[in-house]
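Next come two complexes built around chain A: one with chain B, the other with chain C.
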Partner chain A sequence: MSKSRITKRTQQWRDTAIPRRPLLWLAAALLFTLPPMFGMLASWVPFLFLFALAMKFWMEPRGYRLRSFVLKLILAGVTVGAIFLSYDTLKGVEPGVSLLAVLVALKILEAHTAREFQVMVMMAWVLCLCGFLLSQDFAIAFCLFVAFALLIAALVQFHRGSSEDVFWLPLTTTFKLLAQAAPVVVLLFLLFPRINTGFWLPVGDPHAARSGYPDRLSPGRIAALTDSTNIAFRAEFPDHRTGPPGPMYWRGLVMWHCEGMEWRAPYGAMPISDSSRPHPESDKTIRQRITIAPHGARWMFALDRPFEVTSRAILARGNYLYSVQPIRKARSYEVFSSIEPMEKELDPYERRQALQLPASISPAVRELAASLAAHDSQPRAIVNSALQFFRTHGFRYSLSPGEYSKNDLEEFLFHRRTGFCEHYAASFATLMRLARIPARVVVGYLGGEYNDLGGFFLVRQADTHAWCEVWIPGNGWTRIDPTSVVAPGRVSQDFSSFLASRGASGEMATGRSAFLTRLARLGLVNQIRSAWEAFNYQWDTRVLGFDADVQDVLLTSLGLTNRGPILLIMQVLIVIAAVLVIYVGWMQLRTRPRTDRIQALYERFCQKLARIGVGRDPWEGPSDFATRAAQSLPNESKDIRQVTETYIALRYAPGPAAVNLREFAKKVTAFSANR
Partner chain B sequence: MKAGKFPLLYPTGSFVALLFVLGAMWYAASSQNSPAVYLLLFGLTAVFLVSIPHTLLNLADVTIAPESAKPAFAGEEVSLPVEIMNCSRTTRRGIELVLSRSCGERKRVDYIPAGKAARVTLRFPAAKRGEHRVGTFRLTSIYPLGFVRVLKKFASSQTYLVYPKPSGDPRLPVHRAHLLHSRPQTDLGEGDDFAGVRAYVPGESQRHIDWRAVARGQPLMTKQFAAEAEGSVKLDFSALHFQDVEERLSQLALWVIEAERVRRPYGLCLPSRAIAPAVGEAHFHRCLRELSLFQEVERARA
Partner chain C sequence: MFAQHTTPTDDSGVTDHVDAFVKQICEVIVGKNQAVKLAVACLLARGHLLIEDIPGVGKTTLSQALARSLALAFQRIQFTSDLLPADILGNSIFDRDEQQFVFHRGPLFSQVVLIDEVNRATPKTQSALLEAMEEQHISIDGVTYELPEPFFVVATQNPQTAVGTFPLPESQLDRFLMRIELGVPDRASERAMLLGMDRREMLKELKPVISPRTLIEIQDNVRKVHVSAALLDYLQDLLDASRQRHSTGLSPRAGLALLHASQAWALMNGRDMVLPEDIQAIGVAVMGHRLGHDIEQLGQSGRTFADNLLHSVPVP
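Entry: the complex of A and B
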């Protein structure tokens, strides 16, 4: 009978509904795992998730739950089918994450025991992981961090039971745990070896298609990027030298291959050999630390004329950086740039490349090029007269110049005369080549926004720019920006302020950006945005930039790599254990009951007596004990009586005691019973 | 009470689940070489590690003081009140108390403020008659995160008594020849009719005290009822015809209860020991105690 009662009770315990409060914390945490799902997964998945959460709170007080096994099976089958229909596959990150999210949603509907609560918390942590697989933006990371903390709070709330004494306890405990965990996290993050397991998860990178400009400068390609506020990269100047005053040209890619209005980069970058690479004097160099956003391609950026890069990149022909591997995640690198052209000689191969022209160039354009060189055949004079041509013939700068095809050079130069930086760069370089001046097109970014809090420059996709370089004997590759002639404002300001200054003249593209520009003028909003950008930068550089390779560099500089990862792991674990021991000691010190000094001394005295066989029984009063002890230890009876009397006087005397504590301590210390 | 020297620490079931999650994170982090996932992995690991001292210290300066358990009849439940004392300077939460021998029934105290105590009553089945050791108290806690459990053992020499399970014939034996005190018979009806008073014996139930007489200034007198006048009954172990000792003890226990219920003086006669007839709570428990310890006494004699 009794046995059945016990099993009944445990069953009852198993059937208890999950308490409401922990469930609320858990639901809050789950809400924060949602943002990465929106936009990344099939749109019904996060909505199903939300619906399941809402259902749970409707069902829970009524005692409903998903009980029927058949129904569960059907629901699981339907959702898996829906995922398959949405993606046409079940492989890959997005379908996988969708599957997990849907399973968590079903689990929420089904869960009803304490154990299942734990399972849900664990699944929510896996959802955090999924969030990072979908996106590693700072905003997403922030949400996931909040979710992470709320999950801890949910666990604390769950384990504290129904005590309602302090409402904020889960949060304060979570905060305490996180604060104590912080040093351990830093230690693990910096020093714990990142062992590459070598099994590569087939993950299509969601960033790959998102940003970056094309390797082909066809008309209209860059103009399409101008309304993108995505961040391209950030740059810091560790030496606090930002180069000569004037606009900052960030070199990205050099295009050699001309097709009239369309230019193209070489399919593979050819490295410049080390020996032929000149080194400028140190006061002409600028050190930069750049954190690049993932764009899936290989180009990297640096202030104009990089000449040295630290790792995993080459300096390609045309003096631009080219990553050894596609940039699929945020990456930091340090680079040195020279503020002056470095090459003094143009090698024949490059000259040939820089003079290549397509066959399909109209006679009118050829004529124009010939006329440029008519007065003076000096390269500088030709360049100037070409710029003069752009300045004086009513060329207009416009974000929406209309469509051009690659053979529309004539149309652009003689009829429409409306274009964007890419049109000017392409047409100018083509004209230069026609005039037998080696020319090439450089694509990169112009300008950037300085962030006060972070002390870095922020360059957005909208700052994309294209310009030309022409070979001037004696001076080397010289930067010519034909856009500056047509729209001087564009070059001297960054793009958004350029747009803002033109907003009044009715050139604004959309109402949304007008609103944003107005918002951006408000000081507070700017400050918040700037602080956010600063955090964002820290996240990208300090966290996302700290991958296995960077860690290697750090470990080497600390001299920790030479003895293998096992030893390092041991060392890290020992340090962590020490940290934990410190926590234990500190917490114990803070919570240990305050001991009474008189009591402690008396207990020491009793211990001394117990060691020689006269232990004090818990119920024995001090004077009774003294009498008994004195009887069994006649030699010490006087001392025993004295100590006990002092103790009683100190502890129980009304008013101030005649003897002081120090005397008592002395007596206890001096007391030694030897038989 | 004094606890074992060091609290023990061992992982719980959700620790295994945590290992799975950490494993998944590690797999994702190392295969993608993704610092963000590594950060998540290390964050969770660190929070888990840091929760260990919290759990470990959740029982620091928490001690227990068991009270004495009331005797129970075999087949019933023993209830053992225990005081859990928090001597520390902070609130202790999520404390569970379990006896190592009882079948896994935990008693949970959600929180004990600093310097306060909480009382829980452990219940466990009383299986066999006799005197049993309470065994070891296990004070455990998994607060705050539930990945590890801290265990503090309190070995106790405390015992509790289980009386024999009362069963058999509820009618009291009638041994006219063995009546110890011959008294004039009244009737054998139910014990409801007032039949006079006698001097109060300390330890008796106070229910039958003649309080009116007390109010008049007379000494304490107990009212007697008709059935009692029947005379005392001798409950003799050897007079029972069952073979099985337990069965005999059960029958005797039942009679003791019955006799006490009708408040008829009863004496117990065991092979080793005899208890003079009396009535009252103290006598009642003394008799049952003799019955529950019966075998042990016998074995000691043998």
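Entry: the complex of A and C
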């Protein structure tokens, strides 16, 4: 292209306004980049974005646009300031993405020329990428994929010009492009080296750290979670179809430190050494495969009493799993749990920990604890009489029991007597300690919703539960769930059905609307929901859960060994290149018309000649080619003539061929130009 | 009168005859071997020949040499703008002795007819000629007169840019199997011609090489040259390509023309089967004048178009 044409082109691009159709495609794409922003960024950001889009469509036909440089500067300053005010910082993922979104919104208002249109498409692509920094949910990923495709369509339409074809025409091109790219995407997904550690980028749900249960069991904190339908994790039982019988207690973390109504986990998890850990017999273990949603903290879940540690996790004192790194993206792990208590001896340090009490316990409570042990000082008897106390003294289960502070043990036990699982677990464990029985509080999840389609249990944040463990000599740490005494249904059902039954019998008014509860019980809705959840599960395990470990297994099965990242990257690049070459070759084969055997042999002959520099033009007849080839290769002229004559006889001559095909094949194979 | 079934002669005999024929003509038309061979192929394929070139390059000499070497009845008609159809077809004249109209055959009733400067006549006369070429008979006053066999028209024309011409419409150009150009001879050939005998003397001394009977035999043999499926694929690829790249492309008749001409070419080269090379050898001559319209205004010629076609459609 000559220089004058280039300048002419850019000139043209600088002057032309954006045609309407590509703009519509771009707007549609930008709309699809919005979903991850809602709820993830400061709420005014997506609205500003929408407003800018709407303004654009109002301004463009009227010829208005953001022209004044001063005004642009002021707007940019104001929005950046607003982001700073919203987040108190400009560092981090959310302020960063907000900044980008806001700048794209301003660019929309400003953009007028074709060049700026291209810039907007590029920025929208970056915005798509940033969407994944905010959430890797399947629904979000789908939206972003649609946005991505629409951006291609916008570009295609843009380069087609303002033709008056049917509007979906760019889509067909887009689909073709995407389909062609798909194999490469799959390859890169499978083979591109993944890194588990190393640099830290807070990818994933930045809100996750705020949801999930706290490391401190203060009154009312779990109750706040019961409205949350967010997924905590999903569990599969590879050896069983539907999991173990009885209620499923998913162990999260153990709280040792008692402050009355408030309990606290140790600040760091202390690992149990491998040697001191007992191993149960294999028939009393349950294997689980758990896919955990990112929550930003380090605890991991397993059925009660996990004993086998997965990679990148430790087994902490109190028998719970603790991740080496905060869980910031979906992660899958396999874990073995024992059905029965395993420890036979309580070491003195743990005994001391399990009997620790705050000083500020009221005399009335101390008196109650003493009375529990009055009849029988056996630990079992004390536990039973404590449970009896909860059963007979009019305790009620309620999600809204009102506020308790950490010193309100007396208030709870003697006056209000209304609470939630955490209140029962905390008060029960405190009573046990007062009665000199080692006790601790375990926080985790109870139950789970079985998904028929996917064959897995779905455990939501709403299933959060707290219970106690007391040390009974001879039996070890024994699970006592005081909530089961007060509200037996809570233990036998998962939480939502428990709530539903309670709501139906009018016992309990919850925050959930009756409409939603009824809707959830409709068969079809349930089926759709469970299908969606099963699909999400596949997304989380297969796509998001495809981390370095899983990739390592895959690479090893492909014969690639993991010996340092550089070697691995090189190996993977070689594999990718090889697969791409095969793919291109296959495409080539597919697009070439099918040729019969004679022709294939003749083409082989031509290729042999082409390799030594005498290539046949596609339109060249065989006889002409032979003459030319014989001239430039006088040594082989006889062979060339012979092969060509045979070919002509087979392909063009009348009647039954004087030579058969095999002879021809032999001649072609034997032909070699020695140079 | 010659239409009788003949057994095909053996291939070598045919080749010998044709070689001698070509050689004799080439003695008269120096340095134009390819054009001469094409003209002979056209004759063997039972097609009519159009020679287009500037005056004085030997168009008339070539056609006369063809006629005289064949021992066929030869007529030469000079087309002019006032020539009438009757002047070439013949008239019915009242015969007083017989007391009836007697048809007097015109110059067209001949075996080799040389039409000089065919584009100087009016379209009316042109079409009278071209009808005869296609139908091989002439109908006048309700009587159909068969034309003799073999019947071979060689027309010459000046390039259409010349003054005072009526260009042949494409439908009529299509009737000619080939259009060839002679062009000025190269330096050596021209020197030989300048030094050599007078061409008119040479033409007079030409002896017939092929008898009419042999000619018909050879013409029959041409149609028997084997055409394989692979070759027909190539032929049809060419036709398809021409239709894709040109406003109208080649007609089915053009396809037949290509086939027959390539058969003749194959036979002349002593083969009993047609190769893609044969089509390529006669391709420009057969296709060029059929693809000239619509593109000649754009400064392209049908010949280059045909040549491009042959140099881009792959041999399957």
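Keep in mind that, in the parts below, the second predicted complex is superposed on the first by the 373 of 675 C-alpha atoms of A that agree within 3 Å, B and C clash if a C-alpha of one lies under 4 Å from a C-alpha of the other, contacts with A are read in each partner's own complex, and residues count from 1 in each chain.
Heads up, the rule we're going with is that contacts are C-beta pairs under 8 Å (C-beta built on N, C-alpha and C of every residue); 3 or more make two chains touch, one makes a residue touch a chain.
As the structure is a computational prediction, the values presented were derived from the model and not from experiment.
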Partner contacting more residues of chain A (chain B vs chain C): B
A:Gln599 contacts which: chain B (first), chain C (second), both, neither? second
Once chain A of both complexes is superposed, is A:Val184 in touch with chain B (first), chain C (second), both, or neither? first
Of the partners chain B and chain C, which touch A:Val553 in the superposed model: first, second, both, neither? neither
Which of the two partners, first being chain B and second being chain C, lies in contact with A:Asp624: first, second, both, or neither? second
Given the touch rule stated above, what does A:Arg651 touch, chain B (first), chain C (second), both, or neither? second
Is A:Val78 touching the first partner chain B, the second partner chain C, both, or neither of them? neither
Output check: A:Ala610 vs chain B and chain C. Expected answer is one of first, second, both, neither. What do you get? neither
On chain A, the residue positions that both chain B and chain C contact, one per complex: none
In their shared complex, chain C is touched by residues of chain A numbered 595, 599, 617-624, 648, 651-655
Under the stated contact criterion, what part of chain A meets chain B in this complex? 1-3, 6, 9-10, 115, 118-119, 122, 125-126, 128-129, 132-133, 136, 141, 144, 148, 152, 155-156, 158-163, 165, 173, 177-178, 180-182, 184-185, 188-189, 192, 194-197, 199-201, 203, 329, 543-548, 576, 580, 583-584, 587-588, 590-594
Touching residues on chain C, where the partner in the complex is chain A: 226, 228, 230-231, 272-277, 280, 310-316
Please give the residue numbers of chain B that touch chain A in the complex, ascending. 13-14, 17-18, 20-21, 24-25, 27-40, 42-47, 49-54, 56-57, 60-61, 75, 77, 87-91, 93-94, 103-105, 108, 110-111, 113, 115, 125, 142-146
